[in-house]
Amino acid sequence: MESVAHEPTQAGESPSPRLEIRTVSKRFDAVVALRDVSFTIAPGELHALIGENGAGKSTLVAIVTGLQEADSGAVLLDGETVQFRDPKQARRAGVAAVYQDPNLFPHLSVAENIFAGEHPTRRGQVDKRAMREQATSLLARLGFDIDVDQAVAGLTVAEAQFVEIARAISTDLKILILDEPTSALTPGEAVRLYDVVARLKAEGTSIIWISHRMEEIRHLADTITVLRDGQHVRTASADDLDDDAMIRLMVGRSVVLTPVPRQTPLGPVRLSVRNLSLDGVFDDVSFDVHAGEIVGVAGLVGSGRTEIARAIFGADPAGSGEIVVDGTPVRALSPRQMARRGVVYLPEDRDAEGVISTISVARNIALPSTAALSTFGLMHPSRERRIAREQKAALSIKAEIDHPVSSLSGGNRQKVALARWLATKPAVLLLDEPTHGIDVGTKAQVHDIMRDLAREQGLAILMISSDLPEVVAVSDRVLVMARGLLVADLDIVDATQEAIIAAATRSASLTGDVA
Amino acid sequence: MSLVRLARQYSWELLLVVLILAAGAWATTLSPFYLEAAQILGSAQYFAIFGILAFGLMTVVIQGEIDISLASTLAVGSVTFAQLATNGFPVVVATVIVLALCATLGAINGVLVAYANLPSLAVTLGTLGAYRGLAYIIGGEAGFTGLPESYTYLGSHLLGIVPASLLVFLLLAAATAVLMAATPFGRYSYAIGNSSPASAMAGVPVKRVRVGAYVVAALTAGIGSLLWIGQYFSARADNADGSILFILTAVVLGGVSIKGGKGTVVGVLLAVLLLGVLSNGMGLANFPGSSQTLILGALLIVSIGLPNGVVRLRSSLSRRQRAATAARLVTDDDARARSPG
Amino acid sequence: SGSSDEPAAGNETSAAAADVSIFMAPKFTGLAYFEVARAGGERAGEELGIDFQYVGSDEPDATAQVQTLENSITQKPSALVVSAIDGGAVSPSLKKAMDAGIVVVTYDADAEVDARDIFVNQLSYELAASTMLDAALLNDPEGGKIAFVSASPTAPNHTAHVKIMKELIDTDPAYSALSYIDTVQFAGDDEQKSFDIAVNLMQDPDLKFIISSSAATVPAAAQAVVAQGRQGEVYATGFALPSSMKEFVADGSVKAFALWDPAELGYVATMAANQLVTGEITSEEGQVVKAGDAGDFTVGADGELLYDKPLVFTAENIDEYDF
Amino acid sequence: MSRTGSIALRVRFLGVVVFLLLLVAAFALVSPQFLTVSNGRTILFTAAILVVAVAGQTIVVLTGNLDLSVGSIMGFTAYVVYDVSSGSPGLQAAVVPLALVVGAVLGWLNGFLVAVLEIPSIVATLGTLAVYRGATAVYADSGQVTSGMIPGWVKSVSTGTVAGIPYYVLIAAAVVALVGWVLSSLPWGRRIYAYGSNPRAARFFGLDPTRIVIGAYVAAGMIAALAGLMLGGQVGVIGSLLANGYEIQVLAAAVIGGVSIWGGSGSVVGAALGAVVLATINNGLVQQQVQEYYRLLIQGVTIILAVGVDAVVQRRVTGINRRRRIMEVAK
């Protein structure tokens, strides 16, 4: 089953492909995830795989690494058909992947997470020393210096991502597949990953890189394959495709993020935050958001942006400081109370916190409005459904309102998460990575909705985003955070991507003065 | 089309109905005494108490938690009620006191689970013992017999051939059904059971609703204790000891997911009926107790496991088949995938 | 009691022995003591040529016994022979049975007086108490400190036994060598709990006897004495089946304990039930139950029939018994 | 270079130790004979079987499952093995391997129901709790296994001591040491922790959930069977209800010992200490002549206190963790 063939490889064009996908199809009930997909990957090549959400990219990864079985078609490694039983077998054959969602063991140490399932042993026992040493050196290779004995539960998302990457590169690799590896990383961390990938490439490893970030793909890729609706659209050298061409291939039309200049003046201050501090997390943060304004919050991952939003929303215990909503000081005690005062929050982790995936779209949308939808302790199902239908139309959600949210695509789930809050007619929207992992088409739609909410309906919007082009295109003003401090408040005319990155990183090197 | 969807949505309930009919038929062949209205109703009343507790436990389990202390709460209720009766309290006052006391015990469970964030199995494992101890302290060692008639009315009265306790059971079934299907509490419960962090982020008062479920459950135990006194004309601190296993069986058999988020009152009602019919039939046929235990245990395993087993078997068979013919059928498969359908 | 005139109504159909059916319901099934009693009931059934059924749940639980009784009543047996797990809780069902014309006899553990026709009492509480104390003194005539272990605080006979034993020790000069720990421990007819409690009790260096009315507790406690190497210092005694104690009597770690013959008790109870069914006797005081080789017994006040044949087992006689 | 993960575990573990010490101190204050070597031995002796049983349960709980059938497995094994072997001296010598086979089979069935048929473990083992108990009663057919039917060597082990320490205590210590070593040092043990920590991630690591869960149940079944043999040998008379309701004690010990009900964390030594805590409470209360029903109350409160302490410790640890991270970045 497994191939053992080894041939000398060199970067660039090679007559015999390292990996060949041959007419692979995969179907989930009615949904065709992949249909007759064929393309090849040369040794030592960085092959970008792009496509809208649901195009079938992750499904392809699952099939190549043995997590799922194709309905038909074949995968060839170095010319031989392979069908791995599980990812472990794939790794033994030199095919490893970093999957889209983190898959780690929170109670176990970093070192054990890297070696779980394949512990180094000595005389049948786990060799803990060797494990620790190897883990440390692997992480060092990634330019990461964390204590490998600490539990993964305490890590940040980015750190966890690096643990996964360390795990993937812990074996000799022919092919490394990275499924949206930078979506949780800061630009600086991403650059480190680019270096690692470059090094692996130089060693002859082929890389499959899946990403929604265009600039990244342009920067890295040798070859690009575009999938659309489960079908192979085109494989071409990176030089032959510009951004516009890629986007057209992905969505069948061209989408560009362009700022839309505001026509209306700003309203009064709706949300005012004064001297907000939470010990060890963020310190002395003050800002205002006006009616009709979209304020972007940029900064490195881990700089405390999400924590501030959660503190304002009452999701996490607030520290000291003052929050004023529409002129009234409030204490952020719980999401429920803040929602009642018109402050709502769209969480970062949509599936774990944003929606309740097993209940229907209608009930999800109505959930925060439940109290308003009942009289004398009894619900009004008809009103419930009416609200759901209204929101479905307003946000053009593509789903039946009786279907469970779990059957929706990512973008539509995000719209449902937003719809629930819009149904409560909020005053202040806190959006945390609202377009994370959403394809370009839907992204633009979400941006339009945000502008409409702010400019037409007078909401105050605070948008946390790691996607700088988005921040620049959508915001009226940009706040920059670095390690818990608000380090810059840039008007949109000054807020270029370069200026934001400069603010976020400059202050990171000055931390000694503050701490 | 919608009928098919309805059938699929309520497939578990349908299965239970079929099982009940089958069990009834079996019971009829087992014993000539089975098929008689008075007999069936009479025996059903002995499942009323546990059925009522099953509705209470259900509200907790739908939220993804568990309460194994309910039987102990019932004992606290019954000895308190009897103690009050012995001391000459009017029945109405005593009823209020008992329900309030039980609600308090439930609230303690709820607060420990919801506010102190402790795992519910561990908490109620603790209160399972603690409340039993409390029952002994309130009720003394010997317990009570010979209670005044006014106190035993609810559990012993017959309306024609229909025992009053059975009516209470059905009434509470209806009340719980409304609670779970048509009130904010119900909406919140299912949401919490599916994901409590996500519910909290949606402004659901998770902690209060959690405590609410434990209070509802404890109230069913309180009502159960009132019925108990009527049915058994006595109260002792060891009342209902160990019955939580039966109650949990009814809840699970009723299609309530032990992981939360799923389950209906109708399902639990049907499960109680099924268990009642089976043990009534086997009892009338004088099956040895141990065989009955064995059969009910096997029923639980088979009914929950069989559907999964069939799915597993089917998928593994089809996989094997596919693997065997994979190479040859690649092109055929493609053709099928392409064909409209 | 109340039903003295009712058997007549049921009797018309029960002239032929073949029509008589007697159901015996122990507290719960699976306990050796009741199984021995069942054998006695079965023997009576065979001798009489009647239908004998043994019914019960394996859960030591009052609600389970009530369901057993309810299911039995539906089948309209001629008589129920019951050991009540909870006298209060099962009485409503037993009354219902009597109302339906079914004869109710309790054995081993009584229900309420008006919920049965006759109670076949193995041993009066007084005799039980003194028998156990006598057995203790047979183990060590010098006496010493006693710890009592009962099944549960809700077991009425166990509670009564302990109470009377305490009174006897306090008042009767014959037992003046004995003293006791006031607190009673409860082991729930469970071997493992009995064992642990016994071990813990033995930490008291002055302890001489562990006495229990539970046939599950005494052998486990005897085993605990052996396990702790305290043979000759502590004695486990009370009521137990000889088959479960042979070892300890053989090795001398227990010198004496007591019981009655549960098989004969079951036999007598079944015989009494049959004679009530056939109308040979009523439950009135002074009536005589003829129980074959077991002898004749007279019904006392409140329909109580005292079997009262304590057996004290020692190394000399234990091999004569096969239960 | 702090090691928060292991610190967390150590602190949790210390929680049990501290609680035990407090308990001992409290009893010692009110009772002079409590703090004696012989009483200490007694406590360990009465804890021994529970320690063995909870060691098996720990393996299952670490995978995020439960084994409610533990008491039924103990009763079934003790009854059937001693009954079958009572006639033959050859079999009497082999009761331990026999029991291990029986336990493995019963445990395998539990594992099959949970892992293959995907029945939630609490439901599956609630079912087998009834089935195994019913099977014991049907097999026993109202009989009992009496002291004479139990092999002599078993009885002498149950009562014997070496250097003043009961064999049972040594067996319990050996089982805990073995299970502890397996869990911490063998790849199989690490896989149990990994699986319990995040079952969904397991397949990404090539960990076969079916094999892990079935393996855990088989191991737990075998250990329960051993505990059953020990219990049978100890009490001498075995009815079909032996160890009925034991699951509550076992779970209580595990919870008090800091084994997380949701899997992935906890240690077998902690669980064993949980069993010792329970034995200490029983011992102290019996000696204090406290009435039985206060024991129920006190045990219940102890369980809640234990999980409470556990939760506080865990929250503290994650709190420290978070702050440390921020500080490190700030440095």
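A few notes on this one:
The first chain written gets the first letter, and so on, giving A, B, C and D; residue counts start at 1 in each chain.
Note that a residue touches a chain if its C-beta (ideal position, glycine included) is under 8 Å from a C-beta of that chain, and two chains touch if they have at least 3 such contacts.
These numbers were taken from a predicted model, which means no experiment stands behind them.
Between A-B and C-D, more C-beta contact pairs are found at C-D.
When chain centres are set by their Cα atoms, the one at the greatest distance from chain A is C. Averaged C-alpha coordinates put the centre of chain A at 42 Å from the centre of chain B. Taking the mean of the C-alpha atoms as each chain's centre, chain C and chain D sit 36 Å apart. Chain A and chain D, compared by their mean Cα positions, are separated by 43 Å. The mean-CA centres of chain B and chain D are about 29 angstrom from one another, to the nearest whole unit.
Along chain B, residues 136, 237, 242, 288-290, 292-293 each make contact with two or more other chains. Under the contact definition stated at the top, the residues of chain C that touch 2 or more other chains are 29-30, 58, 60, 153. Within chain A, no positions touching two or more other chains are listed.
Taken together, the chain B residues at the contact with chain A in this complex read 178, 182-188, 190-191, 194-195, 197-205, 261-262, 319, 326, 329-330, 333-334, 337. Residue ranges on chain C touching chain B, taken from their complex, read 23, 28-30, 53-64, 66-68, 70-71, 74-76, 86-92, 112, 152-154, 156, 159.
By the touch criterion stated above, chain B contacts chain D in their complex at residues 66, 112, 116-119, 121-123, 125-134, 136-137, 237, 242, 245, 248-249, 252, 257-259, 288-298, 300-301, 304-306, 308-309, 312. Across the interface of their complex, chain D is touched by residues 67, 86-89, 91, 99, 103-109, 112, 116-119, 121, 124-126, 147, 149-151, 153-154, 156, 279-281, 302, 483-484, 511-512, 514-515 of chain A. Interface residues of chain D facing chain A in the complex, by the touch rule stated above, are 1-6, 8, 185-187, 190-191, 193-194, 196-198, 200-201, 203-208, 264-265, 318, 321-323, 325-327, 329-331.
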